[in-house]
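What follows is subunit A paired twice: with subunit B in the first complex and subunit C in the second.
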Partner chain A sequence: MSKKHKFLIVGGGAGGAILANILVANKEFDVTLINDTPNHYYWPQLLQIAFRGDYSNLYRPLGSLLAKGVNLLTDRVEKIDLGNRKVSLKSGSEVDYDYITIAPGITIDHEGIAGNEKLVLQFGDFYSTPENASKVYNVINNMNNGTFVISVGDPYHRCPPSPYEGILLADEVFRMRGVRENVRLVIAVPYPRPYPAESFNEIIEAVLKERGIEVMTFFTADSIDVEKKTITSLEGETISYDAAIVVPMHKGPKIEIKPEGVTNEDGLIVADKFTNQVSGYDDAFAIGDASTSANAKTGVTAHLQAKVVARRVMGFDAKNTGRTNCPTEIGFEMGTFVISDYEHPPAKLRPSVFNFIMKRLFADAYWDIVRHPEFWDPIFDVYFENTSPEILWKILG
Partner chain B sequence: MSEEKKVIDARGLACPGPITNLTKAYRNAKNGDILEIWATDPGFKSDIKAWVERTKNELLDLKEEQDKIVAVIKITAKK
Partner chain C sequence: MEEINEVELQSESIERLLNIVEMLNNILKDSELIKAFSKLVVYEETFLLIDRLPQIIKLLEKISRPEIIDKLNLILDKLSKAIEESEKEGKKVYSLSQLLEMLSQPEVSKGLSLFLSVVKALGSLE
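The block that comes next holds the complex of A and B.
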């Protein structure tokens, strides 16, 4: 019997865990997954905590999401040496590998925008921790008048539609509380239009207008003065707030990766957008939020990339299509999806109750999707094929 | 520190990918720096004109080459 390939996965988020569960079913691979916490977090739940006070779906023990046969190490990866195929851990031990996939997710950097550390202490956010999301819930449930602002500081943040979901769910809460007419809602974005992609902007801009939400374009949050309660943009404008959330800077993982040059200026791992292969290394891949190959920082992207990596190491010429499938909740039990790929901008999928239900179904099924790719992937293959951007553009125009 | 010239290769990115990449570079730029952006998205030309107008920086050149649109910006309005 030939020797098994040692396949090491750094990071047990959606991409890492799904990849482990796919690969372990193949007898060619001895799969080890290293994660720095014993739990796996479902980050979209931060939005539900912030605006609904719903903590139900936040995390599960990572071990319960991994198939039998996956070796799980709970430890912090401190160094990855691609040249010598060696990973150094905080505990002092070293792990070698034949293949590696780097999927540790991003690091939230509040300090990257001056004043954001103080701002998040006051008003929280829905990008960093459950505690900060909980602060948002307290703010919007106690604010009775004034200006509430969501301002994007880093355009490459997790979950592209999330700032819009945030301001629209805030609108829902203020309306339900009967104070909406006393609260001015503003979303400030770095783009030339409310939503970055022109096609999907047609959908979102109409919703924001209908709900009376003000938009500031070409406004990239650069500094915050918590005494004066103002946010100043890179572009030179200033907005006043009574409560505000600034989408923080997203940086690469706090892991030393050798050789230098495989990470970009933000610390993200530079990987091919089709194969996820780290430049210059046919035994190394990077997927998910920490990889430049992810065109959207979402669990769906990491999931699809995991499938591509698995198929490539099994000898198939699989490639990322750049498919996105970002559920976008707009409040009042309505939702839509941002569906695009490398060849097609987002389709103009209008909000509906059905899309809201689909979002909730995906969220409720999430843990089983991670644990059982052998069951869910054939279903998703059919879903993705029949909701491809190409088809949606033909139907929706 | 002396002025720098930086090329931002945003070819293959759909709108507003080029503007998003420009925003990232603008955060680290200083007055006097030159930013040259390469893009293939046709919407980039109107977006970059609007960005320059809003930010009060200087558009030195905007041209269509065989395989790309090139915009050259001098940073003059950084606070």
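The block that comes next holds the complex of A and C.
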């Protein structure tokens, strides 16, 4: 019997856990997954905590999401030496491998925008922790008048539609509380239009207008003065607020990766956008938010990349298509999806109750999707094939 | 050894079943999701549809009779062929004498007689 390949996965998020569950079914691999916490977090739930006070779907023990046979190590990875195929852990031990996939997710850096650490202490956010999301919930449920601002400092943040979901769900809460007339809602973005992709902007701009939400374009949040309650942009404009959330900077993982040069200036691992392969290493892949191969920092992207890595190490010439599938909730039981790929910009998918239902059902099925890719992947293959951006563009124009 | 595997398989199946029950429970507890489902289903038209369901079912039964389906298929085939033919000919304009000449063709007079029968039947409706 031939020796099994040692396959090491760093990070137990959506991409890492799904990859482990796919690979462990193949007898060629001995799969080990290292994660720094014993839990797996479903990050989109932060939005639900912030605007609905719903903590139900936030996390599960990672062990319960991994198939039998996956070796789980709860430890912090401190160093990855790609040249010597060695990973050093905080506990002092070292792990070697034949193949490695790096999927540790990103690090939220509030300090990247001057004043944001203070701002987040006051008003929270829906990008970092459940505690901060909970602060947002308290703010929007106690604010009766004034200006509420959501401002984007980092255009490469997790879940591209999330700032729009945030402001629209805030609008819903203020309306339900009967104070919307007294609250001015503003979304400030670095782009020349409300949504960066022109095609999807047609959808989102109409919704923002209909709901009376003001948009400031060419506004990249650069510094915050919590005393004066102002946010100043790189472009030189200033906006006043009574309550505000500034989307924090997203940086690469706090892991020393050798050799130098495999990470970019933000600490993200440079990987091929089609194969997820780390430049210069046949045995190393990077997927998910921490990889430059992810064209959207979302769980769906990490999931699809995990499938590509699994197929490639099994000998198939699988490639990423750049497919995105970002569910976007806009309040009042309405939703849409940002669906695009490398060849097509986002399709003009209008908000509907049906899309909202799809989003919620997807969230409810999330844990089973991670644990049982063998069941869900054939279903998703059919879904992705029949909702490809090419088809949607033909139907929707 | 096999027995242990069997027990393991059963325990995994039970665990899966419990996970699915939990998932369904979450879906049923999600009041917004239930509201969204209701929005999709509960319309004035939905109630009208339910009210008229017996007549609609009778109508569907008639339509789904094999002889009716055969006839409908035949009509659709003939129609699509006629459309194809007319597309091939382009936007040909017939003169009055050509139209009169066409009336003498057996297919045209048969078609016209069928068309007039349908018109007559429609006219006899109260």
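Criterion: the second predicted complex is superposed on the first by the 397 of 397 C-alpha atoms of A that agree within 3 Å, B and C clash if a C-alpha of one lies under 4 Å from a C-alpha of the other, contacts with A are read in each partner's own complex, and residues count from 1 in each chain.
Everything below uses one rule, namely that a residue touches a chain if its C-beta (ideal position, glycine included) is under 8 Å from a C-beta of that chain, and two chains touch if they have at least 3 such contacts.
These figures come from a predicted structure and were not determined experimentally.
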item	value
Side-by-side fit of subunit B and subunit C on subunit A, or clash	fit
Partner chain in contact with A:G261 - subunit B first, subunit C second, else both or neither	neither
Which of subunit B and subunit C A:D364 touches, first, second, both or neither	second
Which superposed partner A:E198 touches (first subunit B, second subunit C, both, neither)	first
Partner chain(s) touched by A:P190 [first = subunit B, second = subunit C, both, neither]	first
Touched partner set for A:F354, first subunit B, second subunit C, both or neither	second
Which superposed partner A:P345 touches (first subunit B, second subunit C, both, neither)	first
First, second, both or neither for A:P155, with subunit B first and subunit C second	first
Least Cα gap, in Å, left between subunit B and subunit C after the two complexes are fitted on chain A	34
List of subunit B residues in touch with subunit A within their complex	14-17, 19-20, 23-24, 26-28, 43, 46-47, 50-51, 54-56, 77, 79
Touching residues on subunit A, where the partner in the complex is subunit C	52, 56-57, 68, 333, 353-354, 356-357, 360-361, 364-365, 367-368, 371-372
Residues of subunit C that touch subunit A when the two form their complex	8, 12, 16, 19-20, 23, 26-27, 29-30, 32-33, 35-37, 39-40
Footprint of subunit B on subunit A - complex, ascending	155-156, 190-193, 196-198, 217-218, 220, 222, 232, 234-236, 265, 345
